[in-house]
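Take a look at the structures listed below.
Two complexes come next, and they have one chain in common, chain A, joined by chain B in the first and chain C in the second.
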Partner chain A sequence: MNRVLGDPRAILVLLGPALLVYTLVMLVPIFWSLGYTVFEGNPITGFEFVGLDNFVALANDPKIADALVFTLKYAVVLTIAQVGFGYLLALIYVFWLRKASSLVRTLAFFPVVLPTVAVALLFQELFKIAPVNGLVNDLLNLAGIPSVDWFASPDTAFLVLILMDLWRSMGFYAVLLYAGLVDIPDDLFESARLDGASGWRLVRHIVIPLSLPVLLSSIIFSVNGTLKVFDSVLALTGGGPGNTTTPLTLYMYQTSFTYGEYGYGSSIALLLTIICLLVTIFIFRSSRRDLTKG
Partner chain B sequence: MTTARTRARRFVPLIAGLGATALLLSACSGDSGGGDATAPTDFTYLSFAENTSIQDTLTSLSTGSCSAEEEALPLDITTQPQASYDQQLQLLAGQDALPVLFASGNSPQVAKDLNDGGKLVDVEAALEELGQTDAIIPAARSTVEALYGGDVFVLPTEFNVEGIWYNKALFAENGIEEPTTWDELTAAAATLSAAGVTPFSADGQDGWPLTRLVGNYLFRTIGPDALQKVIDGDASLTDPEYVEAAAAVAELGEAGYFGPSVGSIDYMTAVNQFLTGEAGMFYMGSWILANFNDPEQNKIGAENIGFMPFPEVEGGEGSRDQLAANVGVPLALSEASYGEDVSAWLDCFAENFGSTSLGEQGVITGFAVNEPVEDLPPLTQAVQERIDQTTQSVLWFEALFNAKAAATSQTNASQLVTGAISPEEFMEMVQADLN
Partner chain C sequence: MTATFTDRSPRLIRFARRVPVWIIIGLLLVVVVYPLFWLLTGSLKTQEEFLNNPTWALPEDWTNFSNYVEAWTTGNLDVYIRNSILAVVPALFFTIVFGVAAGFALEVMVWKGRGPVLLAFLAGIMIPGQMILLPLFTIYFRAGLTGSLWPLIITYTAIGLPLTVFMMATYFRSVPREVFEAATLDGANIFRMFWTIGFPLVRNAIFTVALVQFFFIWNDLLIALTFTTRDDLRTIQVGLLNFTGQFGQVQYGPTFAAIAVNVIGTLAIYLFLNQRVMKGLTAGSVKG
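What follows is the complex of A and B.
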């Protein structure tokens, strides 16, 4: 075996096809898109070299600022919510439900496997007002509160979006964090309890520090996933009302494919890539520092 | 022997890898074949998945009047959902693989771009060559020319006039006469609203039925060239007389005339509100006749529906006679595959499409009806007559806009009528995307 793997030709044969496919479907489009940033046009009208015009437009486009603010707001709020609730669920699994948690785990995980579009349709029905009230407005009416047109104002539309994505994803983070929590040796808890730690102090001094690595990976997962949100917004609100729930990804898609501006769309994609890169580096660095401390 | 076998074995993965790569590459290039001016083997038609009437009419032609052409070049229909259609067209155009006949995209700009790239057949010249110059009716021709900058390179497979449909019974009950001016219209709306009826049913989710009102108001106050002036740079949507139109429509919303949650009402809900008598008026194009003529959907009865052109605005330049009109999503022919067999199809198409579509689908087209169609529903008949009387038509608000401005206008329309944004802000946003 060693002889085969030591042979550069064998390595080439084994890695070649995968590398070729990866290059064709990942690297070539990435660099192609990068090239588009200095051009403008689409396959119908043809492409024209515009130099740095797209980046100038990027800096002056008020919609970019709106989309950027929305993307960051969404990423921060949803990350706090889904990792927070996921962690809470994981704690419940480990300390309260213990061995009986498998049913609850399955139920909480269930929305993760549902297709986003189906979930979005479900939430549209739940929160709808016309032609008839959905379940949520019916419940509000029962409590004597008038119906709310959830998708008509930016704040309520954002709230529904966060609720939907929270319901969809917290089961996933709960399982991820649960795996981290069950790894903590039981004798540590026992000795802590013998030392008189219980409740919040146990969580603060034993659980959080020992589950920090998996907590940080969850946050990295979550931030990167939420910065790139696309399907749930498109399916639930379509970016509306107006463009108040339009993240960068959706604006990029609209610019490229609806407005036929491939160059400007690629510039937005580059901006998004840089943001994701910066956030990941930032979190990696802070996590490394924390790990050496802990 | 053994060495030969080991050598062979050593090359197996390499050969397999090369084979896989070759397959991959050939799969990538497989579709881009029919590019050059080679004669097509099928009469390929790419349609909006949502539009079945053109597909059905074509299928009917292929088994009836155009069976000889079908023999030479069989019809082959593929569909693509409207939402991703422009993208598909861009892809095909980029590969020089446009179908023979195709829906020309979500905005007139798509066909204009294709035509500028020399990819479309000059329909006017082609029809002239075939001796079919009268195939397209004058009203449809003028709409096409207005939309596409004076040239005819699309086939108007639909011709719609737009206006306000109203519930005659509700009007009679409340003592309302057909309004002819904007003030009379708002007075009628106030009366209906006081009587507990939603005055206007409107699809605020898609937005365009609301911006249609803004556009019509502009055509009545400034005249039929109101929006051409904006495109030519002679006027701006932020000018006071333009903002006035957005403000007038916003006032309707402020008074609650579109009902409580217009932004959440989709197309079919709006249709149902009108057809169940919940709403008194409904701005829509004549394509809606298919729903009106269906007793299953229409609970108020087709005889109870009246049609009025958009009213005049006092002191305005425009008149009620200038009906808003459109040609739906017209079809275009690919230049690359245009040859003898395709021109035979075009000849048969021009001759028969109008009457077949009207007779079998009840859809009024921009083509002359060469064979009289019997037993038309009275409402369709009335609209057909009004089309025949129309000499000058106007377009709609977004007709001449680029895709970006059109999207901005339509996605923000419901915010305009709910008061979330001001008329000034609305017009500024749209104008910003036009610059």
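What follows is the complex of A and C.
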């Protein structure tokens, strides 16, 4: 039996192509990129060995500090917002809509599949001020509030960015968390109700503790995804005004392709990868804990 | 009277208690659906309507498709969509074929070292695209591939593999091992077994994974932006990003139409396959 299921020739044929492509296009470049961190230059001008200069620059570059702070701020705020709203929606699906929630779930999920660029351009139009107002400013005017130039100040630009990504992802996290909530056995709620628990107390003492594993993995997925944010920022604000909404990913892109500094760009990419690695370690830790629990 | 009172009030109370829920649901649907409706109606408006009417006004002529014609011809949408299809279809094909075969080899077949190899694939899920961008650019530049769509096809194939292998391994794990063991006792050749037993058993799963990968590749901006060095190689996402620049800021109609075209494609797929898309995308949520 194992002679068939362990046939080395078959393993090579089935696994070979995937492993070859994966090694050449992902693993080799990762180490190649590590090598770039001690060089400066680009393929057109050539490379020059600079030792640890890139890391020294990394530590002293105020733009890196700004980008790092923005990346973390974005990841934390959006994670709280999208997992929070997603959880709220999931609770509505499970406890109020019950069987009828299928249509609402499907509708609330659809922004997830839309291309980020299209959504970003749509939000630019929604929040537009010149030459004519977009929908949001028109509605504000209707309520007697003057138009706001949303993309002119860092705070409002950040707000629009968060609103847009919340719009895109809320339904996704609602479905993810819903799957965890429907798994809670009904008798647990029944007995809790018989004991006199209801409303908020039921949620706090029964629902949240029992859905903690899926809540935790949602948070980790969200942090892991939001740290890599690129599309939505580039397409919505382009990192501006100034560089106030520039995350590490976009700063890396600009240094590499606008200024042609491949060495410095690789150093930023490495910093980003290390941050993602730390988060991934948490993923494996927590998922393993879930396995032992369930 | 007391009879009708006791008869009616619980129903009334139940109705009253559901009112806030319906308000929340209504609000949610307005927030989710209305921007899209606004986009579609906007794509049918003329420039004068944009400048003179309130933004929520409906188009005066519901059959005014001139914006779409404008976007399609002057805006080069036809070229961008063709490029997207030419890059996505081969990449999707290779990712699925290689990924399914690798998932089978890593989960069904028995050999030393399959654990570490699976882990090596998994590590690829968390690597940000930025980490491989610069060496790949150098490689494609040196190999003379930069003037074609090949860099996109190759990169998409490789980037799609970790998640495909991971998801396929999970699906193969759910097939009872006895199925494959019985087949070996019947003397089935391993490739026959893959093709006639393994493949049909996970056919639905493959379709789901392909859908998920389609959305990831079709919606990608980072890779497409980096490797499309010429205007006529742009995918729809890169083309759309530069769209307002081509028309100038004031051309509302064609911009709305171009966004609408980009949205309608994925929306149509979702309309028919929503349950499967939801299941697939949440299963692939490790990607973040």
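By our rule, the second predicted complex is superposed on the first by the 276 of 294 C-alpha atoms of A that agree within 3 Å, B and C clash if a C-alpha of one lies under 4 Å from a C-alpha of the other, contacts with A are read in each partner's own complex, and residues count from 1 in each chain.
By our rule, a contact is a pair of C-beta atoms (placed from the backbone, for glycine too) under 8 Å apart; a residue touches a chain by one contact, two chains touch by 3 or more.
Keep in mind that this is a model prediction, so the values were computed, not measured.
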Exercise. After lining up the shared chain so the two structures overlap, which partner does A:Pro131 touch, if you call chain B first and chain C second: first, second, both or neither?
Worked result: both
For this session: For A:Leu277, decide between first (touching chain B), second (touching chain C), both and neither.
Result: second
Exercise. What is the contact status of A:Thr258 with respect to chain B (first) and chain C (second): first, second, both, or neither?
Worked result: first
For this session: In the overlay, answer first, second, both or neither for which of chain B and chain C A:Ala192 touches.
Result: neither
For this session: With both structures superposed, pick whichever of chain B and chain C touches the larger number of chain A residues.
Result: C
For this session: State whether A:Val21 touches chain B only (first), chain C only (second), both chains, or neither.
Result: both
For this session: Would you check which partner chain A:Pro43 touches, where first means chain B only, second means chain C only, and both and neither mean what they say?
Result: both
For this session: Examine A:Val175 and indicate which partner it touches, taking first as chain B and second as chain C; both and neither are also allowed.
Result: second
Exercise. Looking at the overlay, does A:Val104 come into contact with chain B only (first), chain C only (second), both, or neither?
Worked result: second
Exercise. Is A:Leu114 contacted by the first partner chain B, the second partner chain C, both or neither?
Worked result: second
For this session: Residue by residue on chain A, keep only those touching chain B in one complex and chain C in the other, then list them.
Result: 13-14, 17, 21, 24, 43-44, 131, 257
Exercise. Once bound in the complex, which stretches of chain B touch chain A?
Worked result: 13-14, 17, 20-21, 24, 84, 86-87, 89-91, 93-94, 109-110, 113-114, 116-117, 119, 259-261, 263-265, 269, 272-273, 402-404, 407-408, 411-412, 414-415, 418, 420-421, 432
Exercise. Residues of chain C touching chain A in their complex?
Worked result: 18, 21, 24-25, 28-29, 31-33, 35, 38-39, 42, 50-51, 54-56, 94, 97-99, 101-102, 104-106, 108-111, 117, 120-121, 124, 126-139, 141-142, 154-155, 157-159, 161-162, 165, 180-181, 184-185, 188-191, 193-194, 215, 218-219, 221-222, 225-226, 236-237, 240-241, 243-244, 249-250, 252, 255-256, 259, 262-263, 266-267, 269-270, 274-275, 277-278, 281-282, 285-288
Exercise. Can you list the chain A residues touching chain C in their complex?
Worked result: 1-2, 4-8, 10-11, 13-15, 17-19, 21-22, 24-30, 32-33, 36, 43-44, 89, 92, 96-97, 104-118, 121-122, 125-126, 131-135, 138, 167, 171-172, 175-176, 179, 218, 221-228, 230-231, 234-235, 249, 252-253, 256-257, 262, 265-266, 268-270, 272-273, 276-277, 279-280, 283
For this session: Could you please specify the touching residues of chain A with respect to chain B in the complex?
Result: 13-14, 16-17, 20-21, 24, 42-46, 62, 128-131, 147, 149, 151-153, 238-243, 254-255, 257-261
